[in-house]
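Below, each structure is written out as structure tokens.
Each of the next two complexes has chain A plus one more chain, namely chain B in the first and chain C in the second.
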Partner chain A sequence: MYLTVPRLTDIVKKQFRYKMNAYTGIFSSLLIMQLIGIFFGVNSYSSYEASESLRITDATSTGDTPVVLTLVWAFITGILVTTLAYRNDAFSFVSNRLSHHLSSFLLVLLASVVGGITAVLAGSIGKFIVYAQNSTITIESPGLLDSPFSFFIGIATSILYTILFAGLGYTIGSFVQRSKLVIPLIVIVLIALPALNLSVGGVFFIEKTIAFFGTETSFLIFLMKVVITVVVLFALSVAVTNKTEVRK
Partner chain B sequence: MTSFGLIPIFAVVLIIWYFLRTTKHAKRKMNTKWIYVFFATYVFILVIATVVVGILDKKTAAETPKQIPVDSFYSVDIALQAGDLSSIDSSQIIDKRTHRIGDMLTITSKAFDLVPNVYIERKDVNDGLIEETIFKPFLAINNYDFSEQMNYTKPKWENGKMTLVTPSFTEITYTSYQEAFLLDQFTGATRRNFGSHSSDTRQITVYLRVPKDLIVKTDDHVSVDYVTD
Partner chain C sequence: MTAIEFNNVTKSYQSGAHSVLNHMNFSIQENVLTGVIGRNGVGKSTLMKLIAGHIKVSSGEVRVFSENPFNSLKVSANTILVDDTMSFSDKLTLQQILKEADRFYANWDARLAKRLFDFFSFHPFAHHQHLSKGKKNTFNAIIGLAAHCPLTIFDEPTTGMDTVVRKDFYRALLKDYIAHPRTILLSSHHLEEIEDLLEDILLVRDGTIPFHGPITDLQDMYVKLVGKEEKVRAHVVERSSFGSQVNGSFIEVLVKNTFTMDEQARLNEEGITIVPVPANDAYVALTSGSKGGIDDVFNSATTD
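After this line comes the complex of A and B, so read on.
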């Protein structure tokens, strides 16, 4: 019998606040990844002769790299928060496995939302550099004021993909914490199969998965797909780590 | 605009420099507060950059080349082949000239690259006059209209001889920005493959209305299309 019975929501809140203060590396690494993305996304020069009396020089910048590197960051962050060092931090408080998962998941979710938004905004720096150059400019995408709807739907898409990658990383991290034998399996599925272009049972799993999300044309259905997938991934993570040791 | 656009770039460089500096001097490791301050500054810069870029998009929209359908490349030529000058927009015309001519017209070319097209329509009368209409050159890069930037030289006329001349060298430098591929999934926007180029070009087109029985002689480098009813 105890004088106070801690509520799950209170514990999760406390742990979330603690993790927000302790895991600042998540945000500094996001910043660095996006700066690298901006750097590599700007000005891929190419020049070609259309004829003897005409030369065309094209410098293309793209917002792809900040977005792609943000997804990589989300995936790695998802894995990192499940590692032992992070997991042991949970025991600074009265907690259980569920509260630890919930607070970590909220942290990953918040970081993904921030990452998703800034990934899109980071493209503005690329655009700035394009505008700063003294040449004819073609902008092959609508801006915030030209098409606010496209801009915000782009941000929402970016957030959802970032959450998806972070969720995937979190689940893989949880599996790895359960058993290190999962690592070679992940390497086979994520690297060897695509690299060798192997097909499993006539169905190329990764290709199908990419098509499942990437070819969706309805935003609402895409949203549902991501939410359901992330909930399933989170449930899997909770289930798989339920019987791991409390502290090594 | 140029110096204004460099502000966020300097800010980003400053952030990178600070990070590198703090990594080098471990003693000065940033605390939680400073990381969030830096991150908030970064987000603030991004937001400002996004808004300013939005304004610049609107401001420079008039200066940037317009996207044109691929068919427009051929529309002038199709109309000229049919002798239908009236259907061609007057903005496509560079100049209209008339020249006195005897019994014979000689067309030669000093241009060996992007030689202008020549169309000849015979009039119903022998009035001793050639009516020359010169149409703009055309250049589309990745479906953007760069025609205004093409250099051209009008044909030179001398004693019943028209000479097509090589225009001065045209160098076009342009910068383009493409939004992240993933973000276009629900906007319906299409984009070209990164780094791919396509260009359609032709030099000026010369349309001549010549007297009914004029003899026309051309050298090997000149291609003449006769407009028939």
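After this line comes the complex of A and C, so read on.
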């Protein structure tokens, strides 16, 4: 019987298709998260008497809630695809650790793009709901029609943030696969360090990190920052799990 | 050509506390159906996972198709390991799983897969995780057979299968092997079930290989002496016996086959027959530990 000589790109392509078929749950959880986001986004009413004859009702809707929940979803999804069950599924067919990483990461990227776009659109749905409920004057924020450029920048930014969070989740997931001792370490970094205030310098680091991405005003530089960060995160994930034993 | 090579392979879990495989050396030729035989927990599964590249050696070297299998795409594409750790996404139906397997394995025999699938009466829209243990293993075995991988490894494939399905599976394996010769490793602790199938036996005991070779050579290592009890006893007093059975005034004793021609002639004169043993008896004799039988556990308990 002759031996097959596989190419990495072929195997990655096949695995990517396999994972697309096998992990549709990723997309249904995205849908649920964004529905929750829309619901909580529109639900902020405030009403007050301006004078005896005038009553003002504020109905505000924020497109941020679906975006925030999408980021949470991206982070969890990133962790999820690195777990044991997903790995064993992948190694039931042809795979090595690199091809498994590449195909999982492509899946996470695709999911992040879908998540990033729909998060912004979900925000628009929220605005529409508020408009339909009140049918009064709406002071609009930038939308597709009056400022298409910033609308698309908004979508692109949303995608990049989603990718960033998914990449972070993926890396943390990979480290946890390497050693369960990473979990308390992450808890310390996320909770204990900020609570300790400035004394350790932990807050300083976290603030810096947030400012590094959050205060960037040039889209191109922001894009580069995200791409480089994600590439570094991915390389780290591959490096720490390249010796992982599977289907033990 | 050599398909699998183990050079001084040691595998231990938990940072060397206990080694499962101990300086193991053997090689398996291409297109041979080898049975990996051994008692529970001797390292059969570990050995197979090493070959498939799922786990990595602690020291030594494994070569499969002259490559280190760990992280090798070539080995992965040409090898399939069927065991109970095979898992598939719960979103896929059985039919979809077969379709995925078709895309991954170059030699996939869709016709065979379909026929076996129907024969063992699977429902195309059933889900893998809802199958019973026996059904799950039957389904995994179908994938293993239909993949037609140059190296096909079955680790305890018949666990949970009923008698009829077991027999059908072994028959299917044999027929498919004859039609498409390839290197097959098959592990089981029930040697009597698979001895008719095997060409070679790789016997594993305590992480080492006490025997590797044709099944007939294993049988030749032992014989049974059958005759009058006092006469047989007189002959085996110098030898270690691996089990005996008394039937009236006759006795059967399993001993190592180290009789010279003269001795054989003398045995014949005294009316003692030398009977060849089934491979399973030879296997049990070779793998039973020095702790004696289970009866000894109870015997010593009463004398304490």
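Rule of thumb we're sticking to: the second predicted complex is superposed on the first by the 224 of 248 C-alpha atoms of A that agree within 3 Å, B and C clash if a C-alpha of one lies under 4 Å from a C-alpha of the other, contacts with A are read in each partner's own complex, and residues count from 1 in each chain.
Going forward, a residue touches a chain if its C-beta (ideal position, glycine included) is under 8 Å from a C-beta of that chain, and two chains touch if they have at least 3 such contacts.
Note that the structure is a prediction, hence the values are computed from the model and not measured.
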item	value
First (chain B), second (chain C), both or neither touched by A:S179	neither
Partner chain(s) touched by A:P6 [first = chain B, second = chain C, both, neither]	second
Partner chain in contact with A:T24 - chain B first, chain C second, else both or neither	both
Contacts of A:T209 with chain B and chain C, given as first, second, both or neither	neither
Superposed model, chain A: greater residue contact from chain B or chain C	B
First, second, both or neither for A:N96, with chain B first and chain C second	second
Contacts of A:A122 with chain B and chain C, given as first, second, both or neither	first
Which superposed partner A:S53 touches (first chain B, second chain C, both, neither)	first
Residues of chain A contacting chain B in one complex and chain C in the other	21-22, 24
Interfacial residue positions of chain A with respect to chain C in the complex	1-6, 8, 11, 14, 17-18, 21-25, 85, 88-89, 91-99, 242-243, 245-248
Residues of chain B touching chain A in the complex	1-2, 5-6, 8-9, 12, 15-16, 19, 30, 32, 35-36, 38-39, 42-43, 45-47, 49-58, 60-61, 63-65, 112-114, 139, 141-142, 144, 146, 149-151, 166-187, 189, 191-192, 194-195, 197, 199, 201
For the chain C and chain A complex, residues of the former touching the latter	31, 49, 53-56, 65, 71-74, 76-78, 81, 83, 85-89, 91-92, 96, 100-101, 103-107, 148, 150, 180-182
Contacting residues of chain A [partner chain B, same complex]	21-22, 24, 27-28, 30-32, 35, 38, 43-44, 46, 48, 50-64, 66-68, 114, 118-147, 150, 153-154, 157-158, 161, 214, 216-219, 222
